[in-house]
Amino acid sequence: MSDTSGTPTGRVVLGANQYGKAECRLVRITRDTPVHEIDDLTVTSQLRGDFTACHTDGDNAGVVPTDTQKNTVNAFARDGVGAPEDFLLRLARHFTEGFEQVSGGRWEAQRHAWQRIPVDGAPHDHAFVRSGTHTRTAMVLVEDGETHVLGGLRDCTVLKSTGSEFHGFPRDRYTTLAETDDRILATSITAWWRYGAADPDALDFDALHAAVTATILETFAQVHSLALQQTVFECGKAVLEAFDEVAELRISCPNKHHFSVDLEPFGLDNPGEVFYAADRPYGLIEASVEREGVTPPAAVWAAVPGFV
Amino acid sequence: MSDTSGTPTGRVVLGANQYGKAECRLVRITRDTPVHEIDDLTVTSQLRGDFTACHTDGDNAGVVPTDTQKNTVNAFARDGVGAPEDFLLRLARHFTEGFEQVSGGRWEAQRHAWQRIPVDGAPHDHAFVRSGTHTRTAMVLVEDGETHVLGGLRDCTVLKSTGSEFHGFPRDRYTTLAETDDRILATSITAWWRYGAADPDALDFDALHAAVTATILETFAQVHSLALQQTVFECGKAVLEAFDEVAELRISCPNKHHFSVDLEPFGLDNPGEVFYAADRPYGLIEASVEREGVTPPAAVWAAVPGFV
Amino acid sequence: MSDTSGTPTGRVVLGANQYGKAECRLVRITRDTPVHEIDDLTVTSQLRGDFTACHTDGDNAGVVPTDTQKNTVNAFARDGVGAPEDFLLRLARHFTEGFEQVSGGRWEAQRHAWQRIPVDGAPHDHAFVRSGTHTRTAMVLVEDGETHVLGGLRDCTVLKSTGSEFHGFPRDRYTTLAETDDRILATSITAWWRYGAADPDALDFDALHAAVTATILETFAQVHSLALQQTVFECGKAVLEAFDEVAELRISCPNKHHFSVDLEPFGLDNPGEVFYAADRPYGLIEASVEREGVTPPAAVWAAVPGFV
Amino acid sequence: MSDTSGTPTGRVVLGANQYGKAECRLVRITRDTPVHEIDDLTVTSQLRGDFTACHTDGDNAGVVPTDTQKNTVNAFARDGVGAPEDFLLRLARHFTEGFEQVSGGRWEAQRHAWQRIPVDGAPHDHAFVRSGTHTRTAMVLVEDGETHVLGGLRDCTVLKSTGSEFHGFPRDRYTTLAETDDRILATSITAWWRYGAADPDALDFDALHAAVTATILETFAQVHSLALQQTVFECGKAVLEAFDEVAELRISCPNKHHFSVDLEPFGLDNPGEVFYAADRPYGLIEASVEREGVTPPAAVWAAVPGFV
């Protein structure tokens, strides 16, 4: 254990820092016609730049208040929201171009899904029910003069009732796990992917997000799994092969164990039918899937929560 | 403040009590054909009866272990699950008929919804994604020799972007709320309804649950609301009018406030477009909707969590 | 399964109902001297009475807005908070005496605990850290012209590392549980007790709450447990025997299972030292402990969430 | 937006990855004497190394099962737990020294606090109640042949009822926030610090953790705050100045807004006494406090969740 160090001077200094307003709960109704549209986002705005005086002396001359950041989120929504990635890009440009001391930042959104309530078989004009298979996420990171856009998803819980094996692993003194050639594979997918395009404004983020998500789900369904790691890698690989716009992808998957219940004491067999869904502990598989020759920008991925 | 009392003797005695195993996470795969089916339930079993000796003397001679109750849930699933209400009825009969000291109990289930992952436009045989607009709930209560069956739903978040007013309320010293003739109405519906049929085995609980739920959603969508109370009552009324099988219904709805954001300081108007979705505090509207002449059984509704 | 019924008329009517503002997050600083005091409460106010016209016709003439209820909570805090029970009594009187249509209601509070941050060994004047072993709860219920006051606690997690047995229970086809004469007993206590005094204003609720809580904790520690039911009953009994002011007590205790880990496969014994703390399922023990001859008022206990 | 790139080959490859068992709920009782001790930890073990074949081919020959990792956590607890940092170091050495393919990993623990239940004024031998002002955290990261040890805390909620100002910030079109020279400052501290010592086994982690935590709390209490950023920096600075063993510290603090309630509509003043504690949105202040000349190792801080 040793420091990656120069010569310590004894001075205590400010290192990396950011600040902002987290989890602004923004709902935007588009009501130009009787058929309303709803945008439901949780938006976080975080600024980076020269804020040393605030930390060391309580000098707020450069500190754009977090309250102002929230107000800006609301005011910008007046013009419409659009794709979350586009909305975050607008915020990013506003803050980095409008304030000299703001050199970068991190803007993140979760988009909550709604569908129209069906009435007599037809979707209602202005009544909605929360739904969906996942939460869509987006992030814009500005660092060192570069703007990075990421799409993602979370809380996407999937399960395969067969087509999953796990065997051939090493056994040591502490190994008791039985090998299996048929188990339930269940997880809750969290994924982030970076759009590598030179011009983010040229991308149709809504269409891309839907297509990437569908690819991940289809791959999960179709891969005959020998390990959750394999499934995870194949999901990422399928995305990178299908979408030139995606530079790399990181994926984090808890292995939500479904243990076969031993029914023998009750005089019953259990041919893969009755399972106990455990809460904790759980396996946790995390991987980055990349394009050979493309180095993922470290600053970007350090800003992605909960990953390797 | 006074006691509803007879003559206190000074003796401390056991009153109402129940015990059991809560939140058994049961997943049951039906795999008779390559097209698998999934039942994903959280099941709670609670027994009532003569358990005084256990409480007063630690005498467990009559105490069916909660572990045994869990085992029974698992073992019964070997034969299939079916409608949650039917599964709970099987459990209720097993425990009340099989153990002399068990005179009643409370069995509850939440059913978690899955849909098949679409692959090339077709639903996959054995790959699923968690989805749905709500969690289906069910309860069977046996008390005083009667068996009661309830259906329900929770976590059903709905929103109307117009068609909701609130005005005409009394104003006192502490009233600052402005009247409005157009607001967002949003809530998360929790409802329980009691099936009043003489023979529960004659009911198609799956079909009834789907139809009741659809009625609640449609009514929420269609009622022009002058108060959340009105919407809540109309939802219950619509169910009772449409379904003879339903004896009464209780519904609990937080008013998930969406406050219009004042954009005037930024030189912008806000014609019902930008809202802040607040977390707490929230309005809370709870009501029982009943059939005149039918007294809801108090023991049943005392067993429903979180209601009036 | 049959209705407790008169003659159904086919009319759908409003049954029991209440409405109000839930979870007002109130923080009140008393700063008369440099040594500040903090009251941190989550307050819920729910009104009962004649609100039929609102439900059936959207007529809000009698509907004291939930926003007004929140404002009243805040305004009343200006005069100080005091014991949560006393604060709720003030609210209850205000609403039931001030509005003809309000015949009763339910007011509930959670009190969050803080302690002073120690600086150089001395408690700081105005800096606090959230702490404590439980959340204190309180409830006032006005129904049928009577005012009932309850105290309670929740999220009080306790554990005994020995002094707990469980054996002598019946065994059936589904029983696999081994008997044990030494196990970990762990639970999270939720308790509510009703103060039976004729004049609630004569009670020192702060002192009583502290003493009742201490009695519950001491009893949990001291009872050699043959079943969690026994521990639960003894806790209630100790309170009723020690405090004439308490009419009855209800207690709900999940059995937070700590399973001894089988270390034999690793060549190790495990003499009650290594445990796995499970999340779900869990046992759930609920009981009312009462005074012989005193009938607990049903309306009160129906208003207590999550109990038998 | 551009890639940090070499020459893309079109090959999709595995990047950074780790896997393991998360949130093992370990409770360890030391019962050598009648005065028991309790260690209550949530432990996560994640391995890094050469696991490419598993991801690309489902070849598990090198994949130490997550189940084995959990078993190892339990088995190691048989010998006692000690300081969480020391326990994690044992795990780290076991896995990196025992398996050729394991080159590194990340081990994390949360330690849950218990205190003895007082009975007749004396602490009980074997009855405990969950308590404490925070959750202690620990992490060991092995990467590139180096072993790093971090201590931390989370869920430490603190509040100052005065001694906090916020003014002098820039105002733009979107700024509505009023300046204040007296506000409530409240936050929930999450902090991580890296121990920079050459030999971690020489450190008394329990004593250090208690002392660092006390320093953070004392500094929070004593700094007259002109911005939460200033408080955050001073907390870190105080730790680095007091403890040579700490190389750097990162701290993340939500600004838990307490808004003064406007009581004027009710004819009341509000001299800093009645506040509404808001949930969302909240400010979020994150900073690294460092020693000049010491570069924090990027791989370590990338493994810390939820930070800049």
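We call the chains A, B, C and D, going by the order they appear; numbering starts again at 1 in every chain.
Assume a residue touches a chain if its C-beta (ideal position, glycine included) is under 8 Å from a C-beta of that chain, and two chains touch if they have at least 3 such contacts.
Here the structure is a predicted model, which means the values were calculated and not measured.
More contacting C-beta pairs link the chains of A-D than the other of the two pairs A-D and C-D. Taking each chain's centre as the mean of its C-alpha atoms, the one that lies farthest from the centre of chain C is A.
Averaging C-alpha coordinates per chain places the centre of chain A 21 Å away from that of chain D. Separating the centre of chain A from that of chain C, both taken as means of CA atoms, is a distance of 38 Å. Chain D has its Cα centroid 32 Å from the Cα centroid of chain C. Residue positions 24-25, 71, 75, 174, 176, 265-266, 279-280 of chain D each touch two or more of the other chains.
The touch graph of these protein chains is complete, with an edge between every pair of chains.
Here chain B touches chain C in the complex through residues 1-25, 42, 44, 46, 48, 51, 54-68, 70-72, 75, 98-99, 146-149, 166-172, 174-177, 195-200, 225-227, 229-230, 232-233, 236-237, 240-241, 247-248, 250, 254-255, 280-298, 301-303, 305-306, 308, going by the rule given at the top.
Of all residues in chain D, only 24-31, 36, 38, 40, 71, 74-75, 77-78, 114-115, 117-120, 124, 126-133, 156-163, 184, 214, 217-218, 220-222, 258, 261, 263, 265-266, 268, 270-279 touch chain C in the complex they form.
Across the complex, chain C meets chain A through its residues 173-174, 176, 265-267, 279-280.
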